[in-house]
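Consider the two complexes below, in which chain A is the common component and chain B and chain C are the respective partners.
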Partner chain A sequence: MAEILDPTVPPAAPARRAGHAARRAGSFAAVVLSAYTLAFFLLYALPSDPVALMLERRSSGAGGASPERIAALREAHGLDDPLLLRYLTTLGRLLTGDLGTSFQSGRPVPEVLAAVAPGTLSLAAAALVIAVPFSVALALVTSWRSDGLAYRLLRHAPALIAAIPAFWLGLLLLRLFSFTLGWVPSSGGEGLAGLVLPAVALALPVSAALAAVLVRSLDDVRQAPFVELLTARGLPWRRVYLAHVARNALLPFVTLAGLTVGGVLVGTVITETVFARAGLGRLLASSVETQDAPVILAITVLAALVFATVNLAVDLLYPLLDPRLRRENGGAPA
Partner chain B sequence: MTAPAPAATRRRATAPWPALLVLAAVGLAALLPELLAPHDPFTQNVTERLAGPTATHPFGTDELGRDLLSRVVHGTRATLVTALLALAFAFGLSLLVGLAAGYLGGLVDRVLMAGVDVLLALPSLLISLLIVSGLGTGPGNLAVAVGIASVPALARVTRAEVLRVSSQPFVEAAAGFGVARHRVLPRHVLPHARGPISALAALELATMVLSVSALSFLGYGTQPPDPEWGTLIAGGRDYFATAWWLTTLPGAVLACVVLALHRLGRAVGHANEGLTP
Partner chain C sequence: MTRTTRQVPLALATAATLLLAGCGGSASSTDAGDATHLRIAYGWYPTCFDYAQSNPFALFGRQVLDTLLSENPETGEIEPYLAESWETLEDGRAYEFTLREGVTFSNGEELTAQVVADNFETLRTLAEQGVSPTVDAYLRGYHHAEALDERTVRIAFDEPNAGFLQANTEGQFGIVAPESLARTPEQRCAEGTVGTGPFVLDEAVQDERVEYVRRDGYDWAPAAHGREGEAALERVTIQIVPEESVRAAGVLSGEYDVAYSITDSGLAQAEGQDGVQTVLAPDRSVVNTLVVNTADPVLADPAVRRAIQHGIDREEFVDTFYGEGVEPATDVVSRGHRFHTDRGEALAHDPDLSRSLLEEAGWRVGEDGVRVRDGQRLEVGLTFVGSDIGASTAGWEYLQSGLAEIGVALELNQVSDAEQADLRASGDWQLAVYQGASRGDADGIAAFYHTELAQWTGQAPRPEVDELLAEQATTVDPERRRQLVDEAVTILVEEGYGIPLFDSAQVLLARDSVRDLTFPVNAWEPILHRVTKD
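Take a look at the complex of A and B:
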């Protein structure tokens, strides 16, 4: 530590930064690989038999399939090879972009995913566009004064929203705005009108979590000595709060980006089911029911890729936002 | 403008009576549903199909004329038992992981926490869905799925708690007096970590009730005609346009129970001090 603080020692910043980036890339790969490993062994090593299940679904009432047919299908999907070998071959195929074939539909997995992905992407984007400003506004209003009316009224709002089951919230919104008020179509709405309600339903639980963290962060920063100093120097509280407290408190907010994107993406499982929208979430839900392992595996790896990418981006961007991390002594008081 | 006020003054903790009342009713409904349910949850009555709430049927009736309130009351056990099983499973496993990591330290700690961190990077619903697709559907498998999904977060808290208590002077003193290592953990460390962990248990149970009902809503848990809160709400979707009570009222009960558990968790946390949920 002493050598770092010693101004005569030239800082080894570039090397350190490169090491940091390498470590981050390593953890990126670890998250994606672990997600794949976890998904693979849960899907293929556990007792349930995907082929039997697939035949049962496909030939409901047709009297069942012959043992030869089952054997042929197992062979075709490579289910008879040793587990470890399949683990490695599947990983190798994934790395070359081959995601396999859906058990359920018999179509290539990329085709199955691409058919529904746009719906999920627009829904997730719309939810983020709603959730981020809403949570920031809610937190800023709540934390304006620790003894204020807003604080007492809104302090528990995030916990309250978080306690409402997401699927039930979606149904309530649908009931109120489609059936009772008739403002938006109840289902199948393709344009903006059909997107608003699901996006709000998806955004609310996510913004509750964001606002809760942000309120705590604002409360912490407000007690920092520099706030007292600024106030003592006669700066109006509005300036102190918005230009100094909020700015500092928003910093930890950025680290939640991965969590937020993850929450929104996984939330589409519920939201798309409630609003009967086609999308990756609903595809995942139905694939879990039919144990369509290749599709589940592909969606899991895709999700892990997205979370890891967002987290990596945040980690690499964070020093640009926080000058203390840029300085060679790593944030020690100057 | 005056100086910003100091942190909100901590009000004296009072017993959260409304929450306790709700939870007492839930407990009664889970143990003795016959006592609270006005009707039999399976008796069909074709003349009273999809009837709105009335004095005899406070929650209305469903598409087969069954009394919805009775079905909600009888569904309590399915939801609660699955959530409690998940909680027990999660706590058992995360206690094991957290204690091992926090107390043994070194390589064990690093390996376990690396695994935990990777799992923390994935949303818990995704992990639950993966486990459900591996194990198959049903309430038992659902409990395992929901339980495992919250192990990473709980294991982190347990480890932090063990590290906090382990560095206390009396633990060091116990070691100094020559108390065997395998006795220090259960006799000296664990009892002191109990407070914060029990506050967490109530909050965690709330999360699990939510997860269990959400996954049941998706169709992975209790199957109809057996009542369960998430399953009931899912069943009411088919008559959504005409019978609002089928989805709205069971959901309201669910939300109340989750809120009550939150409130209880906060109250226990305040009583213990230290841990802010």
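Take a look at the complex of A and C:
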């Protein structure tokens, strides 16, 4: 910290910047690789046999699959190779873009993912579009004055919202807006009408966390000496609050907003199930149920990629928000 | 004001708002929709649209298919469908079918004897590739199929296959068009198959919905459908709704006409609401049963098995833990099964008999109430899958307490689907809960109880029953076959080789406007061809 604030330190050297970028890229790769490795060993180290499970589900107990046939199918899926070999060949295939085929449906994994991914992307985007402005607005209104009515009323709203189970919230929204009022369809992801409720259900818990962090951070900054100084110099509170307090309080919020992308993706598992929407979350849930390893691996790696990319973007955003970080190596922000 | 007290009014106000929203009166009935469009809410998107490769998604595969034969739901008689007539030759080593004239597939291709022969050859290939285990079981002893002329097809077997005619009423043997025969198994799964049935697959949106449209010019429905010509419905939408409460609420509000897989909680939602009915879809399969590992040292003792058979109060078990649509078992198969015989006596709850059986076999009550013989405690483990519909842990705990009264300690072992598949193959299990596949033929019983065919491996061979079950499979004469099956099942029940528990039907919620929603084949295959909407 002392170094960063030291005015004698020269502006960022290009070499350092390159080093920084390389380190970031390295940690990006490490995150994705670890996610893959962890998912792979968890999946394949499980004692169950995905081929037997597939046949079981297809026949729903009618039987008829002989051990020889199970063995032949296992071989066809490469399940008999040593674990480490499979780990490496699967990794090699993933790197060349070959995601394999689903155990359950026999369809290529990219095809399976492509069929449902747009639904999840639009849902996640809609949820973020709701969550970020809503949480910022809620936090700004809450922290306007530490002794105001809004502060007293709204300070605990985020905790309350966060305490509502996403599942219940979804059912409640459905009950009110679909079944009682009949404003929007209860299922199906077509058009904006079908997107509103699930996006709200997904956005609310996320907004709660974001708002809570921002309120806390606004409260902290508001007590900083420079705020008192600015106020004493006669700057209107509105200006002090929005231009100085809010801006300085934004850093932790941006960090959390980045992490939230991961949270939103996780949330789609429940939201998509309740609202009967097709999507990656539901696909993941059903694939876990059937131990459809290629699909689970692909979704895991995809999620890790998205998560790592967003965090990289957030990292690159810091210097824009905080001039202090432009000077040095851009180490982790406060 | 302290921190806590300040929070309270806010919390209360919010909670009240939310509750109001939750209890917001009865659902307003939206437009019941057009009378030619049936909307079904179903829980799962099919992983495979090809019926031959996937039993669990019968609802989807069946609507586009016709089979050679049909079964009269009342009499169990085999009746014409795509085949006008048929003959059993060489004591069940060959079957000849004469096809109905003028039948076409929805893509315009014609139904000929050669197409039917190619269908069986392809089914055989699917079975050999291991993608159609059920078809493999149905085609036991298959040799070849050939077209004798334009309308006659002959299927030959190496050994008699007595269940073959009945198998031709099952959707796995639905006749598909040459276009579909040319597809790979994966393509068939992904695209579905082209059939001659009353509906045509129009659109499938993964995890969302599947749409069928009426087949124009359909004119070959079997008598069992009770309707001639085209379907009354022009369009059927199967919406995939994983949440039961949403399915039920959707029917109550009129968004759907029918909802599948409704349990007590969904029925509670519907209670007292107008305009909806409960529809029971009975199954015809081997009932939910405690499978017994007779190779296990404790369960190898017939006295222990018989004691368990009579140590369970099936009536009370079902009344307490299950809702509508579940009945205590009275035989190894469901009531609607062609081979059902009422064996209520042999399955009666009689704890005194159980105790005396165990006493005679030398099992003495120990200090903690659990019986012991030669230092061995009378403990058995029960494996069950937690996700089984309606089968809550509490139900198994009830079973546990019932058996404790006769001195048997039941250990409950909850597993996942995957773990169960492994356990079953390993032979390392004692008792397990299992329901047989839906097949209205005695071969379904054999597939469950013949120790070489059984899914739960490791059971000690029981030559007497195994031989009877093998013999019935090759006995074409109906009376003789029935007799063999009865003999086999009598031994199975008396010896406690299996402990039948309960017979469960599918429970559906439907709007009153839906008429003639019936399930002649099995619970998962409503005949939508005959369904009408007011």
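Just so we're on the same page, the second predicted complex is superposed on the first by the 311 of 334 C-alpha atoms of A that agree within 3 Å, B and C clash if a C-alpha of one lies under 4 Å from a C-alpha of the other, contacts with A are read in each partner's own complex, and residues count from 1 in each chain.
Here, a contact is a pair of C-beta atoms (placed from the backbone, for glycine too) under 8 Å apart; a residue touches a chain by one contact, two chains touch by 3 or more.
Just so it is clear, the structure is predicted and the values come from calculations on it, not from any experiment.
Overlaying the two complexes via chain A brings chain B and chain C into a clash. Residue contacts after overlaying the shared chain place A:G279 against chain C, while chain B stays out of touching range.
By the touch criterion stated above, A:I70 is placed in contact with chain C alone, chain B being left untouched. Of the two partner chains, chain B and chain C are each touched by A:L160. Of the two partner chains, chain B and chain C are each touched by A:L174. Residue contacts after overlaying the shared chain place A:S105 against chain C, while chain B stays out of touching range.
In the superposition on chain A, A:G182 makes contact with chain C only, not with chain B. With both structures placed on the common chain, the touch criterion links A:V116 to chain C but leaves chain B unconnected. Listed for chain B are the stretches 75-83, 201-209, 237-245 or 255-263, of which 237-245 clashes with chain C, judged after superposition on chain A. Residues 46, 48, 160, 164, 171-172, 174-175, 179, 186, 273, 289, 291 of chain A lie at the contact with chain B in one complex and at the contact with chain C in the other.
Against chain C, in their complex, chain A makes its touches with residues 46-50, 52-53, 55-65, 69-70, 72-73, 101, 104-107, 112, 115-116, 152-153, 156-157, 160, 164, 171-172, 174-176, 178-182, 185-189, 272-279, 282-283, 286, 289-291. Listed in rising order, the residues of chain C touching chain A in the complex are 6-7, 10-11, 14, 18, 21-22, 24-25, 27-28, 30, 41, 44-45, 47-48, 53-56, 127, 130-137, 185-186, 189-190, 205-209, 239-243, 245-246, 249-250, 252-253, 255, 416-419, 421-422, 425, 434-439, 444, 447, 453-455. Listing the residues of chain B that touch chain A in their complex gives 1-8, 114-115, 118-119, 121-123, 125-127, 129-137, 206, 210, 213-214, 217-220, 230, 233, 237, 240-241, 244, 247-248, 251, 254-255, 258-259, 262. The part of chain A that touches chain B in the complex is made up of residues 30-31, 34-35, 38-39, 42-43, 45-46, 48, 145-147, 151, 159-160, 163-168, 171-172, 174-175, 179, 186, 219, 222-223, 227-228, 231-232, 236-238, 240, 258, 262-263, 265-267, 269-270, 273, 284-285, 287-289, 291, 293, 296, 300, 303-304, 307-308, 311.
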